[in-house]
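Notes to accompany the following structure.
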Amino acid sequence: MTRERLVNAVILLGLLGTALGAWAMDAPYTITLATKVAILALAGVGLNIALGLGGLVSLGHAVFFGIGGYAMGILASHAQSYSPILTTPFVIEGTKSMPVIWLVAILASALAGLVIGALSLRTSGVYFIMITLAFGQMFFYFAISWPAYGGEDGLSIYVRNGFPGLNTLDPIQFFLICFVLLALGLGLTARLARSAFGLALTSARQNAARVQAVGISPYRLRLVAFMLSGMVTGLAGALYADLNRFVSPTMFSWQTSGEIMVFIILGGVGRLFGPVVGAAVFIVLEHVLGGLSEYWHIYLGALLLLVVLFARGGIIGLVAGREVAHD
Amino acid sequence: MSAVLFIEQVLNGLQLGVMLFLMAAGLTLIFGVMGLINLAHGSLYMVGAFAAAAVAGATGSFLLALMASLAAAAAAGAVVEVLVIRRLYARDHLDQVLATFALILIFSEGTRWIFGSFPLFLDIPAVLSGPVTLPGGIAYPKYRLAIILAGLAVAGGLYLLITRTRIGIQIRAGEADREMIAALGVDISKLYTLVFALGAALAGFAGALVGAIQSVQVGMGEPVLILAFVVIVIGGIGSIKGAFVGALLVGMTDTLGRFLLPGLFGLMMDPSAATTVGSALASMLIYVLMALVLLVRPTGLYGTA
Amino acid sequence: MKFKFLMGAVCAAALATGAAAEGVKVGMITTLSGGGAGLGIDVRDGFMLAVKQSGRDDIEVVIEDDQRKPEVAVQLADKMIQSEKVDVMTGIIWSNLAMAVVPAAVAQGKFYLSPNAGPSALAGKGCNPNYFNVAWQNDNLHEAAGAYANDAGFKNSFILAPNYPAGQDALTGYKRLYGGDLAGEIYTQLGQTDYAAEIAQIRASGADSVFFFLPGGMGISFLKQYADSGVDLPVVGPAFSFDQGILQAVGAAALGVKNTSQWSKDLDNAANVAFVESFQAEYGRLPSLYASQGFDTALLLISAMEKADVSDADAFRAALKAADFASTRGDFAFASNHHPIQNIYVREVIQEGDVFTNKVVATGLENHSNAYVDECGM
Amino acid sequence: MTEPVLDIHGISKSFGAIEASRNVSLDLRPGEIHALIGPNGAGKSTLIAQIAGALAPDAGQVMLNGADVTALGTVERARLGLGRTFQISSLAMEHTVLQNAVLGALGERGGVFRFFRPIMSDPDLLRTARAALERVGLQDHERQRTADLSHGQRRQLEVAVALTLSPKVFLMDEPMAGLGAEGSQALTGLLDGLRTEAPILLVEHDMDAVFALADRISVLVYGEIIATGTPDEIRADARVREAYLGEEVA
């Protein structure tokens, strides 16, 4: 345990150090990459609540990532054009304030999580994987075909949204916002895992009949876990859209769902910091391998295969040893 | 809407369904016997199409191209099974999803590396090109009719294989009880490789058949893969009969939805908006169908828990 | 991924300071992997051919692959602006990627020369003094198809396109100049590969012609299936589904189809003859529409460099605006919203030996500008 | 006679042509151990599932403390005081012994939707959990991973988890299965003391244990209760000897 904690501290400080170092050396693009790692890691932290704690293999988490993205895109584009989102029965204006956008992203994701979860959790196993994938596809095609918010073209925001007291256009300040949210997400997940809810949820993953026999409904546990999971991933989606100042249906694609899952696996399933390591490795690979070969996806695929086949604890498992409880 | 048009659309739905069945049969067989969820099935479809296009380009023979597609996809399937897949049977679905996701990346970029970024060409054989007039004055492409017949023939062959042959008995035994058939002295790893190669060959065959009327390009497998998953989930994973019914259901829903929905919305709103909204909804329709089926029957139409 | 082409002997000082006094650093973001990589490769090759032929040693081009993903393109743009400190950006193939990158890039004072995408938003209200489109406004080729339909005497067209913004623009563009009736109007699914249902509707609709916009693999699938269906109505479409890279995959199914383009390999002007010949010599394949657009983009850049220094933005902008270069497509000028005024030709797909290609059969629109000039405040 | 705590009334259940339960009636009175025995395939598992709420009967009623619970599921019946142990150990194997016991205590107390406070430092739950572990003799193993326990210890933990629920009725499905003679004896002693706390419906194959513990025994054959009575009555019952013991000899 202590070894894993040490590894975790190194990971978090490494990310922070990379960004601060890049800032000191005036390498803004490196800060952008570090920001991307922090945001994608947060998306993975979200999925990890469902996947790692709850054992729910959701191949549709791009839904939440996309909802977060579009929450930002829709609110900011209306603010940008000074046109209200809704005029009847009451007026809703757009906004360029990050905290408001985050709140909307989280609430919208919670609502989607409630609906999708309530329906999908009636199934289990492969059927659950597939029905979440199907919901992802529904959102994807809806986003592409619906002309109001750009369809396939997506929505562009010219200036990054604001956060009171900070200049979000400055890469390092935006990085710090994302970093703090990632740290919060990690902290909350850690507490969640040790809470009453966490105990019941992880027990339900291992043995649903046992949880039922003590009078707790696994369905409700999983539904809440799915919602919480979606909320965190939705927040990450809003941040990702702000990083790019752009949102498009690609955020809803099933490849996005797959990639978020890849972060978790690369890092190590059930490891709190798995998604952070996974996202960092993914981004570094994209840039190192991408520079070496046009066909870098082959190497990414091979690496992923090796991790799944031979290093089941993921990268953290290799470094910190396999002492974490996981089926 | 004329009856002729409607019948033609039903034929189109049937053809799409039969095509999907070729894909879905392999997927569901592999799941039923080995308990494996294989995302890379679409890559085998692509391998079949590329092999067919390459052989047709070199020899000019469609028949040789079809045989090449079967051989190449089966070989690719067998190699992948021996190297990777067999290590996944005992794993949970998560590991299977990720490992086969990795295989997609490798297959796609590998194919692009070998064949380049431009689509390949595969033509319909001369005997089957052009339309034929069916009773009732319906002009319908011969090649699509041939696909329907080929697909039904494969479905029939598969039925016979599973119900009447020794290997079929082993496959059914494998679905029921894995330890049992090992105890009976069947070489289980050989059986698994064989089943996987069979599923792969069906996918490759579908790829080649469709390659002649579509574009043979990298990434062609994934949209079909997702449709095939929808099919087997609707039908009940592991059930060949379910795959057949599911495939026809999805084929019909998709084709008729695309055809009827815009018109239906046209009754309520102006035509331009109706086509946009109608086709948006049509593209989501099969997923809605799948969600509905799972809500009523959480393990699909013919699935067992 | 990253390819650095350093032309000739680039002096170390110029590299170290990034935007050196005389040199220009170009950031090219284009699609080099995944579906649609062929288009980006052609743009890149055309562009680099012109740079090479110019013999200039003060153009540095940084090339990155956007994988056709808008968010990747945005991040690459950040990288080029923040780290590489490029002066001019170019290369984007797809409208949705352009919409993601261009507004922010020009807002930060970079020049953007579009070798392909020309979304209406960037031609109308969103036009920008630093944005120049060297290819076309997105509607142009569709408008020309509509005009051609009138010339050809089509009275009842069936039109179809994928259900996404570029598809919706395409049908709008066709209808803008087309004067006949519509036998039907269908939006297909993006990425759709089977068009049996649509072809059946075309057959039943009583149309006298078909217009379609289905880029990439969608067009290949549609044409093969259409040719096999026995429906033999005349087909017209924009050049995208009939271009050099794609025609070989469509095969004989495309023979005789009319398509509209501002460029064709057989356009008889000196610049084009030289371009087609040198492109073939350099890369061993026939140039495509996209290659010609990449080539012209580089020519435009070089023509501006000869007149002004990129550090003097106003002068450089005026030099670009003058468009003082010999385009492979013949006469070329910029409208006030920085989109081309040019002829759009009607081409027919023919077979030359084993190779399928196009020849010009008519001029669809002469000195055609675009519909958004008035919306743009420039 | 006092009111029965658990009253099963005329339950029937068929799967296709197979009648797994035929008009089964059974009751459990305060302070007693009522054993249910029967040869393999008699329909014991199906009956247990219907009592626990995992299966809905085709006909008949299940009454718990005078309330009709026939329409309720497993979770609701557990909340109403049905404490259950499983035939095959059904525990969270990756968790520690103490965590499994705390889960039971949590189920009994409620408040599962608390997301922040660490549960393993909740004094009330720990007290309940430790008390239960102590009663089954697992107090020295609380930090051990459940997967590392011996078979017998897992059985004990099953009982401990049921104890944390302070149930009104125990439903025990073959708790002795797979235990050695020594383990059986220890558990027999434990169950013997439990009956005053809450009555036990005991499904068991171990006849020594059954005849040592049970106040009453019911015999299930082919889905039907053929006899109910004291151990002595059952021993003497001709039909039981014929249907049950006769078969066992064969």
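Letters A, B, C and D mark the chains as written, and numbering starts fresh at 1 in each.
Note that a contact is a pair of C-beta atoms (placed from the backbone, for glycine too) under 8 Å apart; a residue touches a chain by one contact, two chains touch by 3 or more.
Keep in mind it's a predicted model, so treat the numbers as computed, not measured.
Asks: Look at all chain centres (mean of CA atoms) and spot the one farthest from the centre of chain A.
Replies: D
Asks: Just give me the whole-number Å value for how far the CA centre of chain B lies from that of chain D.
Replies: Result: the chain centres lie 49 Å from each other.
Asks: Cα centroid separation between chain C and chain D, in whole Å?
Replies: It comes to 75 Å between the two C-alpha centres.
Asks: Can you give the whole-Å distance between the Cα centres of chain A and chain D?
Replies: So the centre of chain A lies 43 Å away from the centre of chain D.
Asks: What is the distance, in whole Å, between the centres of chain A and chain C, each centre taken as the mean of its C-alpha atoms?
Replies: For chain A versus chain C, the centre distance works out to 36 Å.
Asks: In chain B, what residues contact two or more other chains?
Replies: In chain B, residues 109, 112, 276, 279-280, 283 touch at least two other chains, as defined above.
Asks: What positions in chain C touch 2 or more of the other chains?
Replies: In chain C, 33, 163, 168, 187, 189 touch at least two other chains.
Asks: Touching at least two other chains at once: which residues of chain D meet that condition?
Replies: none
Asks: Applying that definition of touch, give me each pair of chains that meets it.
Replies: The complete list of chain pairs in contact reads A-B, A-C, A-D, B-C.
Asks: Note which residues of chain A are touching chain C in the complex, please.
Replies: 27-30, 32-33, 36, 141, 144-145, 147, 150-154, 156, 158, 171, 240, 243-246, 248, 250-251, 290-297
Asks: What residues on chain B touch chain A, complex-wise?
Replies: Going through chain B, the ones touching chain A are 31, 37, 84, 87-88, 92-95, 97-99, 101-106, 108-110, 112-113, 226, 229-230, 233, 237, 276, 279-280, 283-284, 287-288, 290-291, 294-295, 298-300, 303.
Asks: Would you tell me which residues of chain B are touching chain C in their complex?
Replies: My answer: residues 2, 4-5, 8-9, 12-13, 15-16, 109, 112, 117-121, 123-124, 129-131, 139, 141, 143-144, 210, 212-220, 223-224, 255, 258-259, 262, 271-272, 275-276, 279-280, 282-283.
Asks: List the residues on chain C that touch chain A in their complex, please.
Replies: For this pair, the touching residues of chain C are 1-2, 32-33, 65, 69-71, 74-75, 78-79, 82-83, 95-96, 99-100, 103-104, 107, 119, 163-166, 168, 187, 189-190.
Asks: Under the definition above, what is the set of chain A residues touching chain B in their complex?
Replies: For chain A paired with chain B, touching residues are 51, 57, 59, 119, 122-127, 129-131, 133-135, 137-138, 141-142, 144-147, 254, 258, 261-262, 265, 269, 295-298, 300-302, 304-305, 308-309, 312, 327.
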